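You will see two complexes here that share chain A, one where it goes with chain B and one where it goes with chain C.
Moving on, here comes the complex of A and B:
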């Protein structure tokens, strides 16, 4: 269980504000901090890692106090067990993939398992300069996990990658999280990414937490009545006659929807959509 | 999706089904929805909300209409047409604009053209309501 309840003066787009960050994450959970740049997302990560000190408050991890202003407790950075992955890889350029992961590892026997888990076994003797952006982020993830952190902190880790690679790495990260169960915090401004990975999301705006809940609760449009509403992802948009055929993935199923120009003109593959119909329309049959 | 501003005249419920009588641009509209009024804070007599219905659910009648069950009738003029092989998209103005998508076969049978007067018809259970932001 991670309990953060701190105040920190930060600079935002609209001036200096006292950010009151109250964040609770259950052990093994996957939480996302969502918002525009300058909203305070990265500051919360830095407060947690001990890279910057709060002005007041308490940070507790699994019952252990990492920071407590009143009782003058401040565990130093190197004793806080945080694994980091940033947008830029920060790998040691003179070390091979395997050495990079090994260097950070607590348990040497896990190094090859982790390299295998991120799909880098074939490339384990390569140096970072010869790897693609996606491959370097895989190594950075394996290295962060090798330190056996209590919390994995991911700060826009896939933002510099192209859409396909981002999608692949998001899926891999999900599998790894499901397997290892490391409590993870992801900073992101990509709704689709948050939907896919997080089970809890904190929305930040100018240093204020404006909304908390599951991605469905936070992002799903409640402005239209309807008992048959789902969120889906656009897989394909095709023009047919004067209409459009949308291929959508909803949950684990794929379906098709006929859309008009006004619905489809600004849609592209990858977009998230609300799919709704009147409760009168669907037909059902026992299977 | 057609989206029009409408005013709530009154509504009544039977179990979870709500029948709303509304008014939009001088025409009366009936919408039947499945929800509980308590969850729809914007459903209040005198309130403005949005009514929404899909273009492909808008029926077009030309000339005199005989006896029909449909309550929702918008009498207007065709202002634009986009003709496809199978479907045609019609823009209709009855004080505000709505779109109807019907088969090109029907467009030809009814002799529809820009400037022609038509009535757009929508079943009450095809109309959804939504909050105006």
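Moving on, here comes the complex of A and C:
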């Protein structure tokens, strides 16, 4: 259980504001901080990891206090057990893939298992400078996990990758999270990514949490009273006479949906969509 | 032969001791400078960099006054029967001060160019500041360290004004190669002067070639 209740003065797009972050995350959960650049997402992660000090407040992890302004408690970064995957990956250039992971490892026998888990065994003797973005990302993840963190913090880890690589790595991250069950917080500004990975999302705007809930609750339009609704990804948009045929991937299935011009004109492959229908349901009322 | 080689040996002894002392003191100092921000930091940096712009004789003169038997430091040391002027130890102290910016500036620039996230990543992986410094920070600024060490060494080999003021020209004590060259020219012994000069010339060239090759190798370019 992670309880964060802190105040920090931050600079946002609309000037300096006092960010008041109150976040509760269950142990083993996958939570996402969603919002525009400069909304304070990364700051919350840095406060949690101890890389930035809050101005006031309390941070508690599983009953242990990491930060308490009033009682002057501030556990240093290196004793907090927060695995942090940085946006630029921050791999140590002087070490090979294996040594990067080994440097962080609490249990030396796990090093090769983790490298294997992220599919980097063949490249384990390479230096980071010779790796692609996706490969660096994998090493950074393996390295963070090697330190056996209580919380895994991912700061827009897929932002610099192309769509295919992002998709692959998202799936791998999901598998790793399901296997290891480490509490994970993901900073993201990609709704699709949040939908796919997180079970709870905090929406931030200028340092204020404006919405909390499951991705479904937060992102889908609640005014639609659909009897069944799914979220899917557009794979292809084809024009057929005066209509459009959308090829959608929903969960693990792929299907076709007919759409009108007004529905389909602003859709492109890769977009996230909500597919819903209203069942025809006659109502009876006494007259 | 011993007499002929003495100034060269003394020069390299002085340069080696000075460079070692600078590596031990100036690298942590440069790290501190790169990681703090305080009012008056530019003043501290200016004092550190002063030996670059100051005429060596000016620096030498003030060090002589400061370290001499009647100077603030010299008079205290005199109580302990330690004398710095016209001794090898005095030369070392003067050289450390004189070559300080040549170690501090490249190394500080190296520290500052290193992404902060590397240090932060090491901390989040449970490593102490000490471990982070020796296993992540230092190995990743190798070119700057080599530059700092070589510049300090070469600069100490080449100093003249400060050495003359503090050390004079005592054989086997303070007569380093640059002073010996001057002495030999004054005595019209051009042959010996040529010998010392040629040795310094060739060594200086070899050192620079080696540094450039090492730095190009580290950054992965062709030699």
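Quick notes
What we mean here is this: the second predicted complex is superposed on the first by the 278 of 287 C-alpha atoms of A that agree within 3 Å, B and C clash if a C-alpha of one lies under 4 Å from a C-alpha of the other, contacts with A are read in each partner's own complex, and residues count from 1 in each chain.
Note that in this section contacts are C-beta pairs under 8 Å (C-beta built on N, C-alpha and C of every residue); 3 or more make two chains touch, one makes a residue touch a chain.
None of the values given here were measured: they were computed from a predicted structure.
Contacts of A:242 after superposition: chain B is touched, whereas chain C is not reached.
In the superposition on chain A, A:1 makes contact with neither chain B nor chain C.
Looking at the shared chain after the overlay, A:49 reaches chain C, while chain B stays out of its contact range. By the document's definition of touching, of the two partners only chain C reaches A:79; chain B does not.
Shared-chain residue A:88: touches chain C; no touch with chain B. Between chain B and chain C, the partner in contact with more residues of chain A is C. In the superposition on chain A, no residue of chain A contacts both chain B and chain C. Residue ranges of chain B in contact with chain A, taken from their complex: 1, 32-35, 40, 52, 54-56, 82-89, 99, 101, 125-131, 133. Across the interface of their complex, chain A is touched by residues 115, 117-118, 120-128, 135-136, 139-140, 142, 220 of chain C.
Considering their complex, residues 223-227, 241-243, 258, 260-263, 276, 278-281 of chain A touch chain B. By the touch rule above, chain A contacts chain C in their complex via residues 49-51, 76-84, 86, 88, 90, 92-94, 103-104, 106, 129, 143-144, 146-147.
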